[in-house]
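Heads up, the next two complexes both have chain A, just with different partners, chain B and then chain C.
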Partner chain A sequence: MNNSFLRISIWVYLAIFFAYLLGPLVIMSVTAFNSSGFPRMSPWECLTFQWFGELFQDQRILNGIKNSLIIGAGTVVLSVAMGLAGALLLTQIWPKLRATYYTIIIAPILIPGVVLGISTLVFWDRINRMLGLGADSFLSNGIFLTVIGQSTFIASYCMLVLVARLQRYDIALTEAALDLGATHAQAFRKIMLPFMRPAIASAAVLAFLASFENYNTTTFTFGEYPTLTIELAQKVRYGITPAISALAFIIVALTVFFALLNEAKLKRQELVAAARKQATVEELAGKIRLPSFFAGNMAAVLLVMFAVATITVVGTATAYNPAQCIADVREQKQLEAETRIQKLRQLREERRKQREAEEAEQGDVQSTPKPSNNSGFGNVFAPNALDGDDGDGASDAENPPSNNGGSGGVFDPNSLQGDQ
Partner chain B sequence: MSAGVGVDLENLWIRFGDFVAVRDANVNINGGDFFSFLGPSGCGKTTILRAVSGFLEPSEGNVLIGGNNMKGIGPNKRPTALIFQNLALFPLMKVWENITFSMEIKGASSAERRKRADELLEMIALPDQGDKLPSELSGGQRQRVAIARALCAEPDVLLLDEPLSALDLKLRQHMRTELREIQKRVGITFIYITHDQGEALTMSDNIAVMRAGVIDQIADGKTIYNDPATAFAASFVGENNVFRGKIKRVMGNEALIATNRSGDLVARISTANQGKMKEGDDAMMFIRPEALAIAPDGATGDHFVTARVNHEEFEGNAFNIFTEGDGGKEIKVSLPNLGQSFEDHTGQIITLEYETRNAVLVPAGELAAE
Partner chain C sequence: MPGFLKEFLNRNGTGMGLAILGLVLFWTIGLIILPQLSMLDFSFRPNLPPPEIGGPKDVYTLENYRYLVFGPEGGSQDYNTVDLRVFFRTLVAAVCVTIFNLILCYPIAYYLGQTKGNHIRIFAIMLIIPYWINEILRAFALRIIFGETGVLNTMLVGMGVWDTPFDFIRNDIALYAGLGYAYILLMIFPMYNVIESLDKNQIEAARDLGAPWWRIHWRVVIPYAKPGISSGCTMVFMLSAGALAAPQILGGPSSLWFTQLIYQQFNDNNDWPQGAAYAIVLLVTCILFVLAVMRLFKVNMGDIGK
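Coming up: the complex of A and B.
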């Protein structure tokens, strides 16, 4: 009784926790498929893939992705190299200064990215000037500065990952290689590097992701090469569209895909290792039967399901045409808008009549204009604005700045002028 | 076999800061010998081995291999191969790749390496195990792979750092004979490090007994066991009973000692100390448990010891009697089990006798910790 209560509590807690973690992502992903011009889930208008099309036609976004990839690659190379050097120094060369050295090398993680960005900019600008180079030298190039700036702290992350692995490295392995005639370079390449490979891969992925999502530092250093995050931030400033949801959805899907792929591979390695350990009899007979990729591999099964789902969705997307649905919705909205306008007119008419009647009664009392319900900011806070069924988004194109449009108005600079 | 390459240590000192790990070691190891360094943990055995293999520069003195001074020559240029205390097999390489690593370095083809690996695997009695990873082998198999890997480099001198310490007793004993056989077959010099006197005695041509950075005695196993040069060597190698006292009279190679508890006893001065001990010197007399026997009651003289029996035990091949002894230490008497009947002496005072040649006299000195 008590026990089952506990169990239920745990499940409820987990549900809330995951809703909190993943809810925003799920909602954002769903909005990418709604034809509404403002990213939202309800009311659901029409299933559409148009935002993906729009995304891939947006030159700025595409350019941002390209810059992010270039900078990501540069950061991976630089950070992993510096991280590895730092880790080697920490674990092998100066064991006595370890604590001090560790603090120094970890410091960049604790410094706000904004500070790193500014200091990178200032520092390299100084160097640029000292060397007497012009404003267009590579030292003031956005890609160079961003890679350098991001690497200042991403290298520290990489080092942490690499140190963890290096601490499990037995220096006797290097000595054994030397003893067997290897040079120091050979011992490093053939023994230590293979041992470090998994950690280097993790560090590279980590570095890439950290670089890809970085905004704080990049915002000071990007120069002529805005990254994806920079472009997104600039876009959001001028209003948000579901094309950004589409991008978010793609990123989420890719993340899930790679996570599953990695999991499936790890699981397989585990299974193979287990099989090798067990294989004694068969192996003496010269044949080890390795488990197939899917046997007992949940992640692999999910991966396949994922792939099938992707193919289905893409297939539907190319065949599916929501034009009719969108037209219907538009028509309905127009109708709604018209009826509302009529109601409004009626209301005004009534008020006018009332006022005239009052004026007639009171004679020439000064009339103070009352704030109308559908003006300026008031609109945003008006509860009925949240219903959001007034014309906006898709219909915006047709009914230019009606400006009584839901919360979307918040992001729309025009709303600041309001319809006064 | 003197065909092999010898190793000489000349006035070798190794310091770590103020700490002296090896103090003035002088050792000549003949080519083709199985030579052991025997000493307790932390006495500097590994340090000596690292100096020979080139991982450590001596603070003073020289290491000569085949008569050539090795000063400034790195470990990858010396004709030695080291088997590490923890083996240090490459965990990510298969067994055959491990074994032929030294060939890979020299650029040998995969086929050549495979062939050589198969030969060596045959030799260490692990055929068809080449495609396993080291982690998939048992401790003893790993041990043999480490040996094969070292032999594959075709060293003139093989250095082994307590290679059997991680194995269980049965396997250890098996590997002792196997190692000795391998050494005879390949005919190169083996320098073997151990803190296990049984290993050293069974395998070695010559043994150096080490104590806290100092080499106490270099000799073959029989000499070390029967004719130790120092109190440490006598107490570290095998079991021994100690009788402390002062020399009362020196008679050629024998001496009469006034012992602290057992009266005047006669002993043979150990070969290394003959002519160096004189009347009045503090001395220690050592008698092995198996060299003591029970004498008829009432016997007296300079090779009889009386003592009260504390307890007794039956060990299978022997019957052990423990009596009160010198300095709080018990005297152990080990009577071989030849089918005779043993009486219970617990609590009684018994008389023990020994032959003079079995009582060895050395200058008083530090004893090995139990």
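Coming up: the complex of A and C.
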């Protein structure tokens, strides 16, 4: 009893946690398909793919992607090289220096990105001045500064990934190679690098992703080469459109795809290894029957489902035309706006009558106000009815910003006076 | 030292050894130490136009730091209340975000670390995927949710909890949620790594001896996981105090984050030395604060980042 209660509460907690973690991404992706001009999920207007088209026509986004790729490549090369050198030195350094050295190379992870960006900018600006170079020299180039600034801390990530693998390296392998007459460079290239390859690959992926999504450091160093992240930040800060959602959807889809692909590959390797272990001698001598790609591999199944879904979506996108729906929604909006205007006009009329009645009451006590405004709406404003300005403010707030064409005459204060 | 150097070159070969040393020196000295020192030096200088740099006016001054505490010369107030308030608000908010994340993530890390099975790997992928999405886009996603006509407001108003939309952005709720959201993974992974290596027998022994579940956590799991907890907390605190994207996108118009002040000094006021001074203050305060808390909880610096 107690146990099952605990289990249920764990699952509820997990559900809430992952809803917090993944919900925003799902909602953001969905808004990319809503035709509303502001990224929102409700009210749902029309299924549309126009935001993707808009995204690919945006020259700044495309330029940002290009810069991001260049900077990412530079950062990967520099930070993997520095991370590998840092990791190699860490395994051999004089024990007394080790703690200090470790603190120094791990510190960039903890230093705020803003500080790294500023210090890079200030330092290279000074070097540039000391060398007597102009403002357009190589050292003050946005790409160079960004690569340098990002590599400062990304190299630390790479170092951590690489040192984990390096600790399992048997130094005797290198020594054997050296004894057999290899040079140090050969031993490194033929023995050490193949051993380190998986770690180097994951460090490179990590470095590229970290570089691609970095904002805090890049925002100080990018100069004339804004990366995709910088462009996105500018867009998000000064007016958001569903085109950003469309980009987000593409990134989310790619991420999910590669994560599943990687997982399916790992799982398959595991399954193959298990099959080898269980295989009999004859099977090993001949051809072992490998398990099929999907057997017991949930990630692979999910991957295929995901790919099919993507193809379906793209297929629909080319055939689907939401123009009719958008026109319908526009018409409906117009109708709504008209009924609202009608209502407001009616309200105004009633209020005017009421005011006249009250004025009459003030003049002649015997005449009572007519209980004509039984719409319920007018009563809300009744206490303020004498205060004309207040009523105007309230009715203006009711007016959605979309229908400011055509209704202007109604809200003109003069129209009220004209009636009187 | 030369002996050590000679041995190092012998072991790795001269070419390889020099390459390793060159890269490491470039990284540690050229990219980490010298830029920080250069920024420190810069923060003590007045803001001069480029031709006057190195001239007679280029002398060391405490003006930039004085400005943070006392405000502009001859100002109406005794202290620079605006900037100081932003500074302390940033620190307090970063602490709150860290505690929130710790409480949120500890059960998850414990569950992931102590449960075996295939679904754990799926959970791990689900944890990592949001972390691969651009920081800006994550903040953007939360803005869609917390906006005035966002999903949350539509839902709550529709359910009748509120009559009018609640302004999450102006009340900073969106900002805290966004900061917490951004650094969940950095909190979970160090804790998960440590808790995963905890021997299950220890927990069972405690249970057999009659300890209730909360005491098992308090006396067995948490003391064991302390290095993981402290490195997670350190990273989340430093990163949220130094965050720039989330406050810019999710922060209300009136509430600033200290990094935004630094950003303004650099980009809007064009006063680099002032910005550098603010950055130094932020960095030093955060480091001192982390060291003090670590001493309070008796954690070693060497445990961080493992």
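Operating definition for what follows: the second predicted complex is superposed on the first by the 328 of 420 C-alpha atoms of A that agree within 3 Å, B and C clash if a C-alpha of one lies under 4 Å from a C-alpha of the other, contacts with A are read in each partner's own complex, and residues count from 1 in each chain.
One rule holds for everything that comes next: contacts are C-beta pairs under 8 Å (C-beta built on N, C-alpha and C of every residue); 3 or more make two chains touch, one makes a residue touch a chain.
None of the values given here were measured: they were computed from a predicted structure.
Novice: Both complexes share chain A, so when I overlay them there, do chain B and chain C fit or clash?
Specialist: With chain A aligned, chain B clears chain C, so fit.
Novice: When the two structures are overlaid on chain A, which partner does A:V161 contact: first (chain B), second (chain C), both, or neither?
Specialist: Once the two structures are laid over each other on A, A:V161 reaches no partner at all.
Novice: With the two structures laid over each other on chain A, which partner does A:F220 touch: chain B (first), chain C (second), both, or neither?
Specialist: second
Novice: Give one of first, second, both or neither to describe whether A:L173 is in contact with chain B, with chain C, with both, or with none.
Specialist: In the superposition, A:L173 contacts chain B only.
Novice: In the overlaid three-chain picture, which partner chain does A:L145 touch, first (chain B) or second (chain C), both, or neither?
Specialist: In the superposition, A:L145 touches no partner, neither chain B nor chain C.
Novice: In the superposed arrangement, which partner chain does A:T120 touch: chain B (first), chain C (second), both, or neither?
Specialist: It touches chain C, and chain B stays clear.
Novice: Would you check which partner chain A:T183 touches, where first means chain B only, second means chain C only, and both and neither mean what they say?
Specialist: So A:T183 meets both chain B and chain C here.
Novice: In the three-chain superposition, say which chain, chain B or chain C, touches more residues of chain A.
Specialist: Chain A has more residues touched by C than by the other partner.
Novice: If you take every C-alpha pair with one atom in chain B and one in chain C, what is the shortest distance in Å after superposing?
Specialist: 9
Novice: Would you please give the residues of chain A that touch chain B in one complex and also touch chain C in the other complex?
Specialist: In chain A, residues 183 are touched by chain B and also by chain C.
Novice: Looking at the complex, which residues from chain A come into contact with chain B?
Specialist: Going through chain A, the ones touching chain B are 170, 172-173, 175-183, 186, 190-191, 194-195, 276-277, 284.
Novice: Given the complex with chain C, which residues does chain A contribute to the contact?
Specialist: Residues in contact with chain C: 10, 13-14, 17-18, 20-25, 27-28, 31, 38-42, 81-82, 85-86, 88-89, 92, 94, 99, 101-116, 118-120, 122-124, 126, 129, 148, 151-152, 155, 160, 183-185, 188, 209, 212-216, 219-220, 228-229, 232-233, 236-237, 240, 244-245, 247-248, 251-252, 255-256, 259-260, 263, 298.
Novice: Give every residue of chain C touching chain A within the complex, in rising order.
Specialist: 4, 8, 11-17, 19-21, 23-24, 26-28, 31-36, 38-39, 42, 50, 53, 104, 107-108, 111, 118, 121-123, 125-130, 132-145, 147, 149-151, 154, 181, 184, 234-235, 238-239, 241-245, 248-249, 259, 262-263, 266, 272, 275-276, 279, 282-283, 286-287, 290, 301-302, 304-305
Novice: Give every residue of chain B touching chain A within the complex, in rising order.
Specialist: Chain B residues touching chain A: 53, 55, 74-76, 80-82, 84, 86, 88-92, 101-102, 104-106, 128, 132-133, 136, 149-150, 153.
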